[in-house]
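What follows is a short report on a single structure.
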Amino acid sequence: MAGNTFGKVFQVTTWGESHGPALGAVIDGCPPGMELDPSDIQKDLDKRRPGRGGGESPRREPDQVEILSGVFEGLTTGTPISLIIYNEDAQSKAYNHLQQIFRPGHGDLTYLKKYGIRDHRGGGRASARETAARVAAGAVARKVLAENDISVIAYTVALGDVATSRRNMKDITKNRLYCPDMAAAVLMEEFIDTVRKRGDSLGGVVEIQATGCPVGLGEPVFDKLDAVLAQALMSIGAVKGVEIGAGFRAAEILGSENNDAITPKGYRTNNAGGILAGISNGDPIIVRAAVKPIPSISLEQDTLNLDNEPVKIKVGGRHDISAIPRIVPVCEAMVCLTLADHLLRQKAIEN
Amino acid sequence: MAGNTFGKVFQVTTWGESHGPALGAVIDGCPPGMELDPSDIQKDLDKRRPGRGGGESPRREPDQVEILSGVFEGLTTGTPISLIIYNEDAQSKAYNHLQQIFRPGHGDLTYLKKYGIRDHRGGGRASARETAARVAAGAVARKVLAENDISVIAYTVALGDVATSRRNMKDITKNRLYCPDMAAAVLMEEFIDTVRKRGDSLGGVVEIQATGCPVGLGEPVFDKLDAVLAQALMSIGAVKGVEIGAGFRAAEILGSENNDAITPKGYRTNNAGGILAGISNGDPIIVRAAVKPIPSISLEQDTLNLDNEPVKIKVGGRHDISAIPRIVPVCEAMVCLTLADHLLRQKAIEN
Amino acid sequence: MAGNTFGKVFQVTTWGESHGPALGAVIDGCPPGMELDPSDIQKDLDKRRPGRGGGESPRREPDQVEILSGVFEGLTTGTPISLIIYNEDAQSKAYNHLQQIFRPGHGDLTYLKKYGIRDHRGGGRASARETAARVAAGAVARKVLAENDISVIAYTVALGDVATSRRNMKDITKNRLYCPDMAAAVLMEEFIDTVRKRGDSLGGVVEIQATGCPVGLGEPVFDKLDAVLAQALMSIGAVKGVEIGAGFRAAEILGSENNDAITPKGYRTNNAGGILAGISNGDPIIVRAAVKPIPSISLEQDTLNLDNEPVKIKVGGRHDISAIPRIVPVCEAMVCLTLADHLLRQKAIEN
Amino acid sequence: MAGNTFGKVFQVTTWGESHGPALGAVIDGCPPGMELDPSDIQKDLDKRRPGRGGGESPRREPDQVEILSGVFEGLTTGTPISLIIYNEDAQSKAYNHLQQIFRPGHGDLTYLKKYGIRDHRGGGRASARETAARVAAGAVARKVLAENDISVIAYTVALGDVATSRRNMKDITKNRLYCPDMAAAVLMEEFIDTVRKRGDSLGGVVEIQATGCPVGLGEPVFDKLDAVLAQALMSIGAVKGVEIGAGFRAAEILGSENNDAITPKGYRTNNAGGILAGISNGDPIIVRAAVKPIPSISLEQDTLNLDNEPVKIKVGGRHDISAIPRIVPVCEAMVCLTLADHLLRQKAIEN
């Protein structure tokens, strides 16, 4: 009930603070007999690892995952899979000055008021570092999906106000920003440079696509597939909006344009984003998440200290300029977790 | 697990089909000793009742709610509150011709493939009529919130591509569309007329505002308050997008603009939409839901019949032109349910 | 979380008070496409209906069940099944004098202190009448089990200190007490007569047997099949003890006697009661529930009134002398609900 | 849903196999601001540690617990508390010969059939070693209870057919068996010696008492306090029966004897075991668990091998003669977890 568990059959519980000894995830409900090797998980973790690149935090974390249970001789056993990632490069002292001050746009103040106490080191549990555990668990979910020929891929469709004009899937792995439009990727990098020099930050939009999903996933009425995807993505700290298929544009067009005609070859369009009445319809599932700019900026901002006095703050430390691209594998992970759970939920009632 | 339950402490389970004998909700976890009268619920139900107005279905449903349990001498007892609404004006025969054909934009096909069977009468469980039970339960949640000085109001901020240019809260009750901008309301009504004549339909955007919410509601990391609100709203059939505060616009602006500066008088702006790190921050909570056009249109559309043959369909029957305004109280109800649940969840860990 | 829901896949929520307008159950997660007729449920309800017999309450309740949703043209649709039973013979006035006084052995005092309010009429939610909803839901679970060739039967193995000396299953339906030993049944009836004349009450032991259960049901570690069965049975108001297989006797014998040797033909004995390490082993599942004497007796007892003053009480009204035999179908129902849920839970992880 | 999580507000998920690298527990929902030091947990773990004594396994496990998250500067933060215990003395090879054979009384066969795979080393997840994680989590629950002046103590009331004849609470810590009757403890030790020499094993009965529990804990109808206690205790591998208060004896006596009269000074007797209608009544909560003999015995037994052929087995390895006394702190832990959860559940609905 305290909110650190996601899923009902494929159920994940994460734990860990940014500057504690470790963070991890426990997966309960993974089907037995599935091949699982740490390298399967490491691959996804490496995608969110901070790199040398311009827009990213210079914090060095090998983020090496260990499997502590639930796997025997390379196969899952049906018992809980415990994953752990030790924190190695946590420079807690760099955050000491933040103990007395609330960073705008962060959860410093809300955490303190909710719990009456907060681990201020690196944002504690509110740190984006928490998502490493999600990515690790998501990699296991991805294997469950792969066994059912479902694949999930996420990519950047906008960075600040620079949008992609096409989705060339082959380009995604060719640039650091996971952008399916090489020309846009170049503009995005330039924009990152400009923003970094100004000491500011920026956000963007991530699109996630799931293909191969069978018809029938999703549980009306409250656990509609799109509803749970919305929760899954909105639960990522930086996400402020989620839309499915035509999304907000569907609110502007007429029914005759928005409806996807049904033909013997399938749906003629995919404004539904692959989900009808909360149930997957066999078309690719398309979801987008709006990512806000990283709140840690080196520009001066107004805020309060612990004594409720107005102070100025410039947030230093090792921060990314944008949650993109590191949030991209996190979005992927959350969609993988959602789909794996619904795949197993559907099996419970099928013959 | 089958998805008809929402909430963890204030827990609601709904049931019922559009053309079955009745529909209802069971609320488990409502605090005891609270005054509750059927009229408290009826008031909200009346807001979503089909009216005589231009854009709405002429179906007549008194939607009279009865309380079957959990209330004794006008007070809640802490035991489950069972609410029932009998279906009185269900003209099932009007739907007989739809038994053999899949309506585009509806869940006909996905329901059939998921369950291997479907109640085709009026959309069965996938009918918007299902939301009557949500509104009934939401009215009880609203009372829980009112006892804690929290109030929730929803209103129309766009109908098709007609947007409001101001939010004059006093106007909301002065027009049929719950629009906080009388000038826009007039344009919206004209647009509805045009679209109805064309046999088409339209959507829009609903904004929901919660005021009086204390700091501290929301459970990191997966049950962040915004994440659960996103699920809550996206679980309404017609909703295809949800955003909090600045929402998708946050993805376009810089961090220095998006961050809400903290002053001794409170946050200077509210781009966060009242939620920071998944926890309410004391500011008004602002959420928007994108509503797609109603898929039932009288224009001819391509689809398939049960034999997988291509056919043309014109959906007749008694349908609204737009889910707005009837979806407005449904959005309110879902936000009430979410907040009441999180209010009680927070109490469990507070001293 | 408020405790009126049972099961995780086959999930039942019950509601209703003894003297409210009705009571009922909502089943969420019943597989679609299963034949279900009200008569399937009525059959089980009739087994717990108060009869004319000596030991039973003379209250007349036809206990006619109605199916309000989730069934279309005789088949389950996969959506929630709402069951309702109207209360027709509730003589609330007979309980008015109990408003000011706490009956020993009942939940009057604990309900009042927990909730700060209580529906005193007939025990409100704490009445044994609440179990009618369980029996109704259990009948649906029984159908799910029957489709998988699992059957569940309960019977009386002791009434007060009169125990059965054999289990002749054919005798169960031949006597009013569901006793598998006709000779013992005669002694039990005599005992009931004696106790009734004394104005006292008595309890007994119910045994439940499930046959045809496949190997593999039960979820280690906390949701072991025996653990959930224990919860299921102990959740019946009058039950004060539960044991599986050899049960408490297993605590007295040595390992060499208690272990069930494994042979090519199966287990040589069944001290395990069909469950090993929390998982069904294919043998009949054997559980016993200890039922306390009904607390309502016409003998004078010491208690308090609302003003905390000592008073004497003789509980009149229409009461059974023993919860047996009416509790027998309730035990059956709880075992059916548990097994149906675990059957579906297992399907979610099987290939 | 896979059963490794217990509790709804104070929610514990355990993981780990007997011979994996580690085992642990994640506690989600512990109230913030509570002092918590590893030594608080270690104290309870030490009570279940294998000792030098006659009846216990000579396996050496320091069972040193580490807190990996959720505690900051000695106080709980409200975020998940991750506890880990590394396995250090796991001699897996000692179990290699058991890979091909099913031990009677163990879960070897049921695990294999349920999951299609099993970690045979030391019983894998089915090992009693799993309970170390429960004891660790239970120690945290105990602190939550202590802050509310509730204390829980367990003790041995029977070992095989040697029963205690008195409950002298001061004696509990004076003998290795946690027996509140020193004379009985001597007889029990003699019995253990006899049984060990015969190569056999034995069980017994553990009683758990909780004092200081306020009136009002427990959630009717399915989550009655006694129902959840029954699940909690029955979920311990060796437990085959659970009873509350008078328990099975209540089935034998008359209502006039079983009812606890209510007086201005409280209940005159405590046959209810501190729970009425599923809700704590303020009296000490008394529960008993029947513990079966340890199935691993060195006497020859009939069983099957992987090829379904009949074979003889003598189980060697390092095993206890009886689950008592090491199961005593496990019973305590499960009761602590149950009460802490219900304490917080009750807070959610209280004013």
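Just so it is clear, A, B, C and D label the chains in written order, and each chain counts residues from 1 on its own.
Just so it is clear, contacts are C-beta pairs under 8 Å (C-beta built on N, C-alpha and C of every residue); 3 or more make two chains touch, one makes a residue touch a chain.
Predicted model, so just to flag it, every value in this text is computed and none were measured.
Enquirer: Along touching chains only, what is the step distance from chain B to chain D?
Expert: The distance in steps between these two chains is 1.
Enquirer: Could the interface between the copies chain A and chain B be described as same, meaning over half of its residue numbers are common to both, or is it different?
Expert: same
Enquirer: How many angstrom between the C-alpha centroids of chain B and chain A?
Expert: Computed from C-alpha means, the inter-chain centre distance equals 26 Å.
Enquirer: Please work out the Cα centroid separation of chain B and chain C, and write it as a whole number of Å.
Expert: 39
Enquirer: Cα centroid separation between chain A and chain C, in whole Å?
Expert: So the centre of chain A lies 46 Å away from the centre of chain C.
Enquirer: Mind pulling the chain C residues that touch 2 or more other chains?
Expert: Correct list: 1-5, 8-9, 14, 29, 32-33, 78-79, 114, 125, 220, 345, 348-349.
Enquirer: For chain A, which residues are in contact with chain B within the complex?
Expert: Against chain B, the touching part of chain A is residues 1-6, 8-9, 14, 102, 104-107, 109-111, 113-114, 125-126, 130, 158, 160-161, 195, 198, 200-205, 215-224, 226-235, 237, 240-248, 250-256, 258-264, 268, 272-273, 276-281, 290-297, 299, 301-304, 308-310, 345-346, 348-349.
Enquirer: Hey, which residues of chain A end up touching chain D in the complex?
Expert: 1-5, 8-9, 11, 13-17, 20-24, 26, 28-29, 32-33, 66, 68-70, 72, 75-82, 84, 114-119, 124-125
Enquirer: Could you list, by residue number, the parts of chain A that touch chain C in their complex?
Expert: Going through chain A, the ones touching chain C are 1, 8-9, 29, 31-33, 78-79, 220, 344-345, 347-351.
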